[in-house]
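Just passing along the structure, written as structure tokens.
Chain IDs A, B, C and D follow the sequence of writing; residue 1 opens each chain.
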Amino acid sequence: MQKFGFIGLGIMGSAMAKNLVMAGFDVTVWNRSPEKCDELVALGARQAATPREVVASAPLTFAMLADPAAAEEVCFGKNGVLEGIGDGRGYVDMSTVDPATSQRIGFAVAATGGRFLEAPVSGSKKPAEDGTLIILAAGDRTLYDEAMPGFEKMGKKVLHLGDVGRGAEMKLVVNMMMGGMMAIFCEGLALGGKAGLASDDILDVVAAGAMANPMFALKGKLMGEGNFAPAFPLKHMQKDLRLAVALGERVGQPLFAAATANELFKRASAAGFGAEDFSALFKTTAP
Amino acid sequence: MQKFGFIGLGIMGSAMAKNLVMAGFDVTVWNRSPEKCDELVALGARQAATPREVVASAPLTFAMLADPAAAEEVCFGKNGVLEGIGDGRGYVDMSTVDPATSQRIGFAVAATGGRFLEAPVSGSKKPAEDGTLIILAAGDRTLYDEAMPGFEKMGKKVLHLGDVGRGAEMKLVVNMMMGGMMAIFCEGLALGGKAGLASDDILDVVAAGAMANPMFALKGKLMGEGNFAPAFPLKHMQKDLRLAVALGERVGQPLFAAATANELFKRASAAGFGAEDFSALFKTTAP
Amino acid sequence: MQKFGFIGLGIMGSAMAKNLVMAGFDVTVWNRSPEKCDELVALGARQAATPREVVASAPLTFAMLADPAAAEEVCFGKNGVLEGIGDGRGYVDMSTVDPATSQRIGFAVAATGGRFLEAPVSGSKKPAEDGTLIILAAGDRTLYDEAMPGFEKMGKKVLHLGDVGRGAEMKLVVNMMMGGMMAIFCEGLALGGKAGLASDDILDVVAAGAMANPMFALKGKLMGEGNFAPAFPLKHMQKDLRLAVALGERVGQPLFAAATANELFKRASAAGFGAEDFSALFKTTAP
Amino acid sequence: MQKFGFIGLGIMGSAMAKNLVMAGFDVTVWNRSPEKCDELVALGARQAATPREVVASAPLTFAMLADPAAAEEVCFGKNGVLEGIGDGRGYVDMSTVDPATSQRIGFAVAATGGRFLEAPVSGSKKPAEDGTLIILAAGDRTLYDEAMPGFEKMGKKVLHLGDVGRGAEMKLVVNMMMGGMMAIFCEGLALGGKAGLASDDILDVVAAGAMANPMFALKGKLMGEGNFAPAFPLKHMQKDLRLAVALGERVGQPLFAAATANELFKRASAAGFGAEDFSALFKTTAP
């Protein structure tokens, strides 16, 4: 039975780790607030006291932290991953971080003699629970192969995109497109509303045509109900747009549509909607 | 057997009229270049010499012209629709025109004693051939009901949206969203390309997620093959974005994302790609 | 003593006509609301009953109407300019209209045998009173020379820019730059304010550097006092930006900054500030 | 005779230090490439071997480095400022850095017992030579007073803006406005050019009106001559716009016009004009 570590049991991490436990893997978990481990321990997982212990005991450890700061702390902090990794053991960081942070963590892990793979995911809570995430891996190819049995329980699609940084970049590219789509979607609904069109009619026409997509269908319905409970917080979408625009600057790609979407999301954040779902952009599109 | 007129046999109109003929309706056609009528006449349609004759002889006439100028000429010109319509006969203009032009035509037709319905469509050549257009009707409700047997042969979905102008406005709202989606799609592909991501990988990830839509899938594939043959000409998309931005001004709805997309399409038009498919936007996104 | 006609005695027109009267010219005036003529008649001007009468009696008539609709009405309407012009008499329309309207008026006047010059101005109420407007003439060169004695009393600078349409276009280009400057000025003040900088300090630094200009100095001061009384109404600035963006489309020049400024001004208009000075843009930049 | 240190003798620094030397101050200089000190030593300055030596020997040292990286290296590097400052000696960093870097340097200097003032400048090479810079100081008030005799020889205007960070922020606000002005200026010239207006006429009209400013006058002339030799490199303007947009995000101020200008400058940078004057933006506005 393959042995895995799993660091970080937030909304995404606990669902992903649960899929590994239920699949019968021998999983050792850690979370900053230890009580988050209880449910998985009851299901058969082991609990470690520190990230160091996890990576020292398992040949391959997955991590799912909330943001670059947490990912860095777990890696570089006291009793962190760097203190326990080495000897070819693997660290697969599935957190969404900017490409530079990912590369920093990757170099540090490799310097200990360990192996590193970044593997950010596309998808939110429900795909995490259902094991239908899209996994965007990049980095050590051998580690990718060894992680595959675990990936297959967490995701419906796994890609290897190249060197460390490529996974983080793919995540940004995809989230940038999502942000731009939400921006024009909100403007279309707002324009139609002011022109006297019923928003159900607009959603019907969109759903019947070449543009039809699950995001517009789901969000359109929730927006019509005034339901902006966060599946993907607006402030995180704006952060991803900022990172995408910065990536554009680094590689010499101007991004007029993305930069405009970034300011639109900033406006919504500044208006107080940062913790709501990113579809709350509608509230400042048509105030 | 219901008798219909059909004015305008361009790429869209000839396919739509053919569906009516093949369905067994008694169809009288007219086109500026008369030879365009030959195929349909061979299939059993009648040919009239002028728009006036068409609308004088059929209780209900559909029209499908290329742009507002053509739609106005056919209506107001010599031997045009206004000279032959009246007595409750119906004129159903399916051309894409701006709301003001549609209202102008509608008022003029109603002033003769005729009835008017605007019914622009969403969808291009293939849905026109397959009879799977989305029909966005607005105006005379009784005429809408009488047109339905014909609509059902031309489209897979028909909506009645309100007063004349609403159909044209819905078309603009939907096309505006399409233009914004293409803009961010091109920027995503361009950014990913410069960052070293394979465009097939980007398309795969998009196709697997909540953003997946037929337009991205089809256009992404064609763009990858360098195929920008026009299904929907770029200059028409830009025109629709201009009209959407103008509608926004009229109803007091600022449209930052749409206005940015409008300038992006203008840039591609100015670079000489106006007659190519609107996906040729990619050529100026990543020149 | 040279004889001039003067049609349109609004805020701008009455100040401009007054300069002609005070300079000793024989001036015949007309205004839709006749009582607006009283002050000038008291100063020695003659009053006509209709535009037709004015242009029939004076070898050269200036006009200063509020917008394209008024300019067209005065020209094409009953007892309008077209009915009285001809035989080489001159019509110098100083109204701000779009290039197409100007050309329409110009062709119509020339068709009567009259001569036409467009001559929109840059500057608002105070320069009109002080006779320091900038006059952007285009069209009939001989009429330009004959108008010069009048121009010299109304303006500090006069240019002949080419064929009819060029003056209107120059006006749009200049006002577009003004709108873009106001947009970034408001964003700078808003950003500085939120960052804790005193707006007087920002204005001081701007005034001391290469960017220093009378508009920023004056508007910055008034804005700091909360004074948005209209010198140049915001809705007119937005209209000019719309016309500039449209001109860009016609000549194949994408205008990202201008299009963004246009949406920013639309936002302020939609928020209810259209009748205030265009510096009221600040109110929606930092709400 | 007041004794000053001066670190960094690039284009700006050498001109500024020269003004101090010519004013009769006892100046000790340092530059990474020591030969840059030769001219000033010939004029009477002393030369130190390291930044540490400079700040250890002078009660107050000015610094003028090219960018945040250089400013940090001089401060934190081996034989750097931190090793020699203390005991109330002053460090006045006049480099343009982001607010966070300035605060980092400031805290570190204060931690040694030294005093810190940031004092970025507005103006480029010629004002540096002429001693007519605008100095945007923030930080230690007593150090500000002691630096004033030096400031008066380097600048025509000096402000104290508050705590460390405020000077850097003022610089960003002002440069952001400059970037937005250049963007709309280039679009105006490009639009006018395509519409058939002579660019000299456009510059004349601008110069005669409320928008008239030294930057448009000078750059307009040089642009007309095809002279884009760098007074302020385009890539630095773009960097400042990026920093301004980031500051906007931090303080909750959306910046649509600035974000658009940022992408326009990125486009020009990506096209290869980053090392030219920021007016080279015109080359990609009207390619």
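Points to keep in mind about this one:
Everything that follows uses one rule, which is that contacts are C-beta pairs under 8 Å (C-beta built on N, C-alpha and C of every residue); 3 or more make two chains touch, one makes a residue touch a chain.
Worth saying up front: this structure is predicted, and the values here are computed from it rather than measured.
Common neighbours of chain A and chain D, by the contact definition above: there are none. Interface residue usage between chain B and chain C, two copies of one sequence, is largely shared: over half of the residue numbers at the contact are used by both copies.
Distances between chain centres, each the mean of the C-alpha atoms, put C farthest from chain A.
Between chain A and chain C, the centres computed from C-alpha atoms are 55 Å apart.
A straight line joining the Cα centres of chain C and chain D is 39 Å long. The set of chain B residues that touch two or more partner chains comprises 248, 252-253, 255-256, 260, 263-264. Arrangement of the chains shown, judged by which pairs touch: one closed cycle in which each chain has exactly two touching partners.
Here the touching chains pair up as A-B, A-D, B-C, C-D.
Within the complex, the chain A residues that touch chain B are 122-123, 134, 136, 156-157, 159, 161-162, 166, 169-170, 173-174, 176-181, 183-185, 187-188, 190-192, 194-198, 201-202, 204-206, 208-215, 218, 244, 247-248, 251-253, 255-258, 260-261, 263-264, 286. On chain B, the positions that touch chain C within their shared complex are 238, 242, 246, 248-249, 252-256, 259-260, 262-264, 266-267, 269-270.
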